[in-house]
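Note that the chains are named A, B, C and D in the order they appear, and that numbering of residues resets to 1 at the start of each chain.
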């Protein structure tokens, strides 16, 4: 291959490419500066650690959502899935330590199953994923409320809650390192590996141009279905962390689906598929969490948060992804 | 109208900004800080008279069987109900605002148990769940009117917006009993509820502001805006805090989401180094708030919760400085009792003010029942009802 | 060059256009008289479609002037041109299948009475139009999705005429039509002519051009070679102007029959919805050319072999082994590669990098056991070998020229060192330089033992490259021709002289 | 066969009405067995009231979806409109007309904003309208802590509670609006162009349609319908309610109703008749389950299933048509 007028590396890094990381990193930087101004000790290891720990779930959800969105689909069911998982966990564990691990495995399986169903309905029955997952959202919430007659039953064992709540104490330099953070790092690494794998690369191709992908030997329906499964599993892990962090409640997953989608879009992933990186998606989620913390620090009234969130989204998208079609 | 214009302005401004700068993010937050820090201007739900009345009720002594608080009345004002006298068995209809939280679940189970307890006196009990939608509840009430109910029980989803529907129901001629939240019309035969929001908010606020160190920082956690029961709790607490000169560093809405609660509390501890008192308008997220302090390795400051068992248990185990004003779920028994009395033509009190016990360090043990699920409400007054305890588990 | 007619309906002077710095049109002059059929011919990529899009207001020219009906015009969009009285029939249909004929015909200019669309008027006018072009049988209130291709073409024409166009542009109007349907179009064109409508007729099919046109303008590489009176010229002269024989000398040497391998691919009695009893043998080392008009089943043949639209009848063997290739994936794993005709829609993944595009098939179809590092080096070698010009292999492929995109697609398949390669218009819309490069590649692949099947509607290319040529017609193989055959033989087979006369 | 093949589209009855008829028939039977009565006056009235609210929003949603767009902000537009109307009226009949005018103007403005974001800034409709929704939500949460203003009594008595036999005025309003929109789609240039843009933007452009203008108009009309729904709810609730829209899930339910009605989410296929059918179907399910006192949560499950199933059926049909 002949390389023509290739700019030097630094320039290429700076080049704002749609779907690239530059915009989200910039946004993140701005937020960090704002935090630093208002709350310097936020960067003290303990508080930073706990912040990262508590942000783990939404970051994981964003990673899962990334795979679905980059393949050209939506997953609106993750929020409901998280709620369902937490409530199910509480009822099955019923504060009985021995049940912890079996239930954890069961949750992961359940998440994968829901993803599989989403995927198959979308790809095989050709139902737009927006509808599929919207329906799944209603079904999951309805079913779990029904199953627990409207009020969460049982309780989570401390063993279960440990993942989301406890931390490795007195680690040198860092102080306490939340288990959630470890879990996050592990799964984030996994996500990056998957995204870099042949599957991950071809998945983007599927989102960009399914016809070409099909004619190049990609089993499009299978790829998309797997993407949904990944999202489901991510939701399961997130549910374990959230349940651990804050205990059982029907609010556990409320609104997380939009949070995750927002994060992914902030991260420069194009709705409709074919563009974006999982790292960007996760950074997007991190910025979103940072934004909320920032609003707490600046004492923005709880009521106004959504306005700020909405404005940020519109700005970020208008600036970073001007190419996305109106579909 | 200023609001609307503001809305338009905001929308368009943000629109323009969409292709310009980061301003809008700053814009709203600036104007918000007023509402964010300090207790801000008094809620428009605050009515001095009611406030005084409720606080007076706190020390009033109830008439009625001591062991059955759901049949007791504070300062009864009896009304004639002879015109509603009717031979049983009766068909009772109940338009329920929602079943979407543990409090309402426990309450409704209690109500069903009460119906069962009344046995043959009730031939049918129709229940319609409005799923927290005003417009659905209005339709539901209208629907129930066509079902030949002998009495209509309403637990309104929102005070103001349900008033027209309830008025229409009264016009239909059958006895209407409103409980939990009220309506802006005197037409129901009786309005049943405990002392109410002002009492709840006051008790909690008094306790916290007295126990926290003087000049300390207090964080107020609220569930949602715009629910009158909760609004009155907050407005009463406000009065107490302003009187005690407490520094309220934040008023945040948690949506009853424990995760959100922990994040908020965590950030406030961050921001202010320490929080010396926590007041909340409902117990739902009390446990989460306490955990936030524990996770941050901070001592748990004086705090108020509600009579949910998970909180009471935590309180006992960790020896918190806490109090639990209640909004007793046993009030769900009363409407059934009232309905039957009305249909018997017996006079009932309107308003029917129920006592509103408070869980304190002293009586904590008497309410803490470890056999019941964590989200069960101690004040259910359901121990004597058929199906206890399985029905509530 | 013939002198322009007295009152030109349309007069172009020095029209030029460039895309992303690439000159596609340069100083084009063109006149069309009322009632004249003016054919525009030229190889693919000669700039015909661009010129037509400029006249119909889709593109704005960089230079030159457009004069229509005596007044200078500068169309800002299709709307303007339509209002002015220029109708265009695009290569691909511009119909909404879910809507009725009348709705389609009047899209963008529905008749309105008292603020409401006047359905009766719409139907009435549509029927008039259809009648005026002798198609009154076609129901004006039928949904387009219920019509056959030929009928849809009629609707396209009616649509183009709806704004009582005085000039009608037809860009490959017969492209989608089966042969017998072309007849119907002929009649139509003549009727339009009688109504004094000027026609610009773009086509590959010389027979049509000679049957219909009064004058012929030849474009080549964005320039106007000449304009001739149809009466005074011959197919040979025309072809010379179009391609210039000198190109043929550029084609690589054919395979020596001696070193042709055994049959790699055989098809016996293959058929599906678009193909009937296809018998085919493809030997290692040879380039089998496939001729025929568009819609004759050429692409369908390639897709059938590749498993994209599999054979439903007959059997296929690879290297003597019977196979059922039910999906592209199966075909790829069996060693078949397919370079599609529609590069943008089916060939590339526009927003992905050169590297990702080149690796797509390897990643999708074969396990990465080969070792990803090894694969990376191999693909870089291949990209270098096919001489892709790009600003690094991380550049998005959509920024590359058509030729370079095609090279990347080639590299994608070479990664799998396939036994059988199917090329569908491999050099469509590719500049001359890249063309010959690709030709060389194709030949080299054959020499290395691969069996190549190459579809092309460019006769010189077909003749220049092929060791053997089969010609398709109406889903059948109409006949086979040896190397060194003439264009006439191919065309004769393609249009089926017998039917053409009828 | 041929005659049938050429049957014009607009005469085809959307399949949803078949489903509706079946649902009602079965529901009526089950309720009867349960000892109730589905079609008694009050139930019918309630059903139609529920349908009216959702219907107005869904009819608007149909327009944007037909055009290949989407509007997730309607729920908040509804709430906003109730407040604007109720606060302007402030309990007096005098301000009736200006109040309605203002409410509609505000709604239209939001729609315009949505439309411009989608067309000019080319922001994906999903994220654009989601963002706008959040903007409005923040404004409402911040500006209001509960019902505000008072709807003019006249409006309450008429639009809110007046009915002719079992048919509430509000439902007639829905019928009227649906009729107008149907007319707009079938008999105006805008309608024809909208369907074209939704069906194939490129074809529309080549045919001389001004795509952006059409889409923006669709968004404005969609918000207007939401605003109208808001006015109706204000008259129903007697005051402005800042959370009535989001509590009612008007955003997702309206989209559900539209797709159940057979309009393709991708745009270009479908119509307002189907949407009304979809709304009635959802409302009937509501009513039937009310009668049977079925748990609301179970109802939600059924809803989810119905939505997916309906769209799956349409997808199958489209597939078969493609095959032919």
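Note that contacts are C-beta pairs under 8 Å (C-beta built on N, C-alpha and C of every residue); 3 or more make two chains touch, one makes a residue touch a chain.
The UniProt protein names, listed by chain, are A = Monosaccharide-transporting ATPase; B = Periplasmic binding protein domain-containing protein; C = Ribose import ATP-binding protein RbsA 2; D = Autoinducer 2 import system permease protein LsrD.
Quick caveat, the model's predicted, so the values are computed rather than measured.
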Longest centre-to-centre distance from chain C, chain (CA-based): B
Pair joined by the larger number of C-beta contacts - A-C, A-B: A-B
Averaged-CA centre spacing for the pair chain C and chain A, given as whole angstrom: 45
Separation of chain A from chain B, taking each centre as the mean of its C-alpha atoms, in whole Å: 34
Gap in Å, rounded to a whole number, between the CA centres of chain C and chain B: 72
Intercentroid distance (Cα basis), chain D paired with chain B, Å: 33
Chain B, residues touching no fewer than two other chains: 10, 14, 18-19, 28, 32, 35, 99, 225, 253
Touching two or more other chains - residues of chain A: 145, 150, 301-304, 307-308, 310-311, 314, 318
Overlap residues in chain D, where contacts from two or more other chains coincide: 117, 121, 132, 135, 138-139, 141-142, 295
All chain pairs that touch each other: A-B, A-C, A-D, B-D, C-D
Residue numbers on chain A that touch chain C, as the complex places them: 1-7, 12, 17, 19, 197-198, 201-202, 204-205, 208-209, 211-219, 274-275
Residue ranges of chain C in contact with chain A within the complex: 306, 308, 327-329, 332-333, 338, 340, 345-352, 354, 356, 359-361, 363-365, 368, 380, 383-384, 387-393, 396, 412
Residues of chain B that touch chain D when the two form their complex: 1, 3-4, 6-8, 10-12, 14-15, 18-19, 28, 32, 35, 43-45, 99, 126-129, 131-136, 138-140, 142-147, 158-161, 163-164, 168, 225-228, 231, 253
Residue ranges of chain D touching chain C (in the complex, touch as defined): 5-6, 8-9, 183, 186-189, 191-193, 195-196, 199-200, 202-210, 268-269, 321
Residues on chain B engaged by chain A in the complex (per definition of touch): 10, 14, 17-19, 22, 24-25, 28-29, 31-33, 35-37, 99-102, 104-106, 225, 250-253, 255-264, 266-268, 270-271, 284, 287-288, 291, 295-296, 310, 373-375, 393
